[in-house]
Amino acid sequence: MAEIQDINALADRIPDGAHLALPPEYSFVPMQLVRCLIRRQARELRILCVPLGGLAVDMLIGAGCVAEIEAAAVSLGENGLAPRFTDAVLSHRVSMKDSTCPALHTALQAAEKGVPFMPLGGIIGSDIAANRPDWRIVDDPMGQGNGRILLIPAIRPDFAILHSPLADRNGNVWIGRRRELVTMAHAAKQTLVTVESFTDTDLLADEKTAAGTLPALYVTALAEAVGGARPLALTGCYERDDGAIAAYAQVARTDAGFADYLARTVGAHAPEAAE
Amino acid sequence: MTCKPEEFQISVLAGLLNQPHINHVAVGAASPIPGAAALLAQQLGGGRLDVTIIHGNANNAFTDGGRELFDCAGQGRIDAFFLGGVQIDGQANINLVGTGTYPDLERRFPGSFGSAYMYFTVPHVILFRPEHSRRVFVEKVDFISAPGISPPDVHRPGGPKSLMTELCLMAFDGARGRFRLVSVHPGHSLEEILDNTGFSFDIPDSVPETQAPSEAVLVQLRSVIAPEIAKTYPGFASRVFAITPEIREFEENVR
Amino acid sequence: MAEIQDINALADRIPDGAHLALPPEYSFVPMQLVRCLIRRQARELRILCVPLGGLAVDMLIGAGCVAEIEAAAVSLGENGLAPRFTDAVLSHRVSMKDSTCPALHTALQAAEKGVPFMPLGGIIGSDIAANRPDWRIVDDPMGQGNGRILLIPAIRPDFAILHSPLADRNGNVWIGRRRELVTMAHAAKQTLVTVESFTDTDLLADEKTAAGTLPALYVTALAEAVGGARPLALTGCYERDDGAIAAYAQVARTDAGFADYLARTVGAHAPEAAE
Amino acid sequence: MTCKPEEFQISVLAGLLNQPHINHVAVGAASPIPGAAALLAQQLGGGRLDVTIIHGNANNAFTDGGRELFDCAGQGRIDAFFLGGVQIDGQANINLVGTGTYPDLERRFPGSFGSAYMYFTVPHVILFRPEHSRRVFVEKVDFISAPGISPPDVHRPGGPKSLMTELCLMAFDGARGRFRLVSVHPGHSLEEILDNTGFSFDIPDSVPETQAPSEAVLVQLRSVIAPEIAKTYPGFASRVFAITPEIREFEENVR
């Protein structure tokens, strides 16, 4: 049974060193939960971007919470490079596992299906594959002369975290057409969800809402977080705050500017966090 | 009619999409000029071309999550796609990761996105990189995000077909692994291209000038395509077409 | 662009010998389209049940339309064995490729993903695998000592056919939580859909309906067919007509009874069709 | 209170589900007795047990289509499942396809459904086959839809744990590949079981009688579980519990 609790209690479920899957930047990113993790000075997190990282990852890196990132790309989108990410990768303060979008989807699909690997077309000959000793290129294992193919190992993160507009009291979560979040939750050992609000209506009772719902079966715990994705967008609720993100992109270029940003937007513990 | 560089590029890219074998073009994230080109090609083709813009919900019919773009390409249902590159070399290898010796990079860029897959699966990949300099067009990329060509034992229905820059249009010959100059944009010269390209490429005896958009096309672009692309890229539409938020709001209410 | 046409024109798109994927018996089965195929005396069809077959397959077999079936099981559910199927398989008048539910889902997922095969756990040591020369059991191709694993080749049917409660004028089709129909359509070369009705409202315009919609991009053509799944059920529209199916289970036990059933329910051409 | 055979079987199966490691039980299509047993176990456990009945939408939270049952099992999220068999042999191999020499069968049954997968992935598979005869319980099945045991080089977190028939309850020892008699149902004897079983199995020195449901359990079964299972299996509920369509309609309106 999915538990509904306070957002700080939700954040406390994630221990240091956890392997954490995050939605891509454009929507459903649990920014408020990320700020809780920064406040409690989470350490050595391994972040899996599904498949792209942005503001959330950049802030976690800057605050010293992250040991490793796996992603197809990390940026602030139209606001340019992710400054803390770029700096940390260039100075080898975090370990970066470069991937490509479909490989990340495939790795989670393999975990969803309970198989140790899944094949994926293309990619052979790229330096991405050349730098991934965990991937494997094999001759057509079906023996049908289809040539070489890449096998991607399953990824089963400790936690999937996301922010949704709506969940019901049973813990069923509205996902809409963002089905990669369903795969992410299926693949993860635990899924933690923040929501704008809870409804008393069972989302599974109506065929229309059921089609876009992640069942509570896959959800460990939930918390309410009004504006929980801000300053990023949340489909149907609010737009991306371009000004705020542009300002972040500017100030986070320096250690001091970033520390000041954290202190202002995340809270008092921030400066120490940005070690 | 004067024509902005973006309008010129949109028009030329739209021309590349106007081919009998291209029935569905997809456009990745953060690609306003390719997006506008796809919508313009659709308009000029009388709606025959399917357009998918993976950035927001406008002109995006996908409902199966983040993997649908890649699945759709793997099914052979996407005929054209756009890719760029921090570096692009003469064998059409593209680099989106960084410069220097990986993993000890000098400059780090966001990453490879889906390029390593789309380059293999989409038959007509159009490379679009406005900045035409020796910094971009290098002899050999520092990191291969996606290779331009593959050996015969790798299944590869897709690959690069064209390269469009602020100076010229090139075609890529996959069998030979070389670019060939197709046309030079008005106001630019072969010499300028040679000076700013770090790899060798084939030069036909006679190189025409790239055709600028007709007045009719420009009118369609500004009146029909501009408000449509504003749904996905309001900042771009405002800057290039002076589409204001009020117009956008109106558009959103009537759609 | 998905074309909207008459149901007979829709049926005429399916040539003799076509490889045809069909939804499972409990809902979304295009029974009216199946009756059209029987009336026009379709021949040598290869039927892929996704993953179970029932009344539709049994009638197609009895009417002489089918050369081959691939399924995890074929039955009339609570109404017992599928009589024409059982008779045809025992007398080798159709070729039966026995499978198991997840293998059929996996084969379609492989086609959806554009890869030549996909791994699947379990199944090794069953006589299903022993009788499928197209399947392949290999030692862990990742070389990690995970033991043997089964590889299932992709299946890319010529046509997926289904009956939905609703489509819009653009050809977007309501699927709800029946996501295996989405995979089926992604995997198939063409998808033909009959619907109870068309709506003027764009199903993709609202996030709620979009989440349960198969986009027109995957739909070749559509036709209206009121009651098009009867006597089977259609989610949200009508229940299964147990009496009609029980009666079918009874009369279809004999050639004469089945011929009479076809004549009465499908039309004049039926007796000849049941050669 | 007198107790129908179905009620007895539901009660005994529910008891098998009442174990600390069983948090989620799934029930396949056309399985009213296992379905009712799962709901009864949930009720008796105070709602701790998650129940998924893959037949209609009642007590079925799945929203990812037909593959979700199998994916969910592959993820290790299903702890118990029920399987049957046209034939079951002493090594717990099950046959759902037919009798005779495949593919030249004498009798053909529907097919293997998902058994060949669920048997490998679900830790507590309960075999349920009321008919206890030498026709069903054979020395060796004619067709292995799913094998009872596997060699060590095949990943197998799941497998058979129990066998429930109209005569008795048996347990399966995967390491030894043999059944062991656990208890004999009231009114039946070891001799009757031996006469009607075509494979050999272990018989402990003392074999208890299977415990019949208490009056309290029968009351819960008839008052709480009967209307709930009627949502999925109206015919069964009507026959066994005399739940009428009117009651069902009422239930559907209030849920």
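We call the chains A, B, C and D, going by the order they appear; numbering starts again at 1 in every chain.
Please note the rule applied: a contact is a pair of C-beta atoms (placed from the backbone, for glycine too) under 8 Å apart; a residue touches a chain by one contact, two chains touch by 3 or more.
The shown structure was predicted, so the numbers you read here are calculated from the model rather than taken from an experiment.
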| item | value |
| --- | --- |
| Partner chains shared by subunit C and subunit D (touch criterion as defined above) | A |
| Distance between chain centroids, defined by C-alpha means - subunit B, subunit D (Å) | 58 |
| For subunit A paired with subunit C, centre-to-centre distance based on mean C-alpha positions, whole Å | 37 |
| Subunit B and subunit C: spacing of chain centres that average the CA atoms, whole Å | 40 |
| Residues within subunit B bordering two or more other chains | 62-64, 70, 74, 121 |
| Subunit A, residues touching no fewer than two other chains | 109, 113-115, 120-121, 146, 149, 177, 182, 207, 210-211 |
| Complete list of chain pairs which touch one another | A-B, A-C, A-D, B-C, C-D |
| Residue ranges of subunit B in contact with subunit A within the complex | 29-30, 55-56, 62-68, 70, 74, 96-97, 102-103, 105-121, 143-147, 150-156, 158, 235 |
| Complex contacts: residues of subunit A adjacent to subunit C | 106, 109, 113-121, 136, 138, 140-144, 146, 149, 151, 153, 175-177, 207-212, 235-236 |
| Complex contact set, residues of subunit C against subunit B | 1, 111-115, 172, 182, 186-187, 204-205, 207, 210-211, 213-218 |
| Touching residues (chain side subunit D, partner subunit A) in the complex | 24, 47, 50, 52, 57, 61-64, 70-77, 121, 255 |
| Interfacial residue positions of subunit C with respect to subunit D in the complex | 24, 26, 50-52, 71-75, 77-78, 81-82, 85-86, 89-90, 92, 96, 98-103, 105-106, 109, 120-131, 146-149, 177-183, 242 |
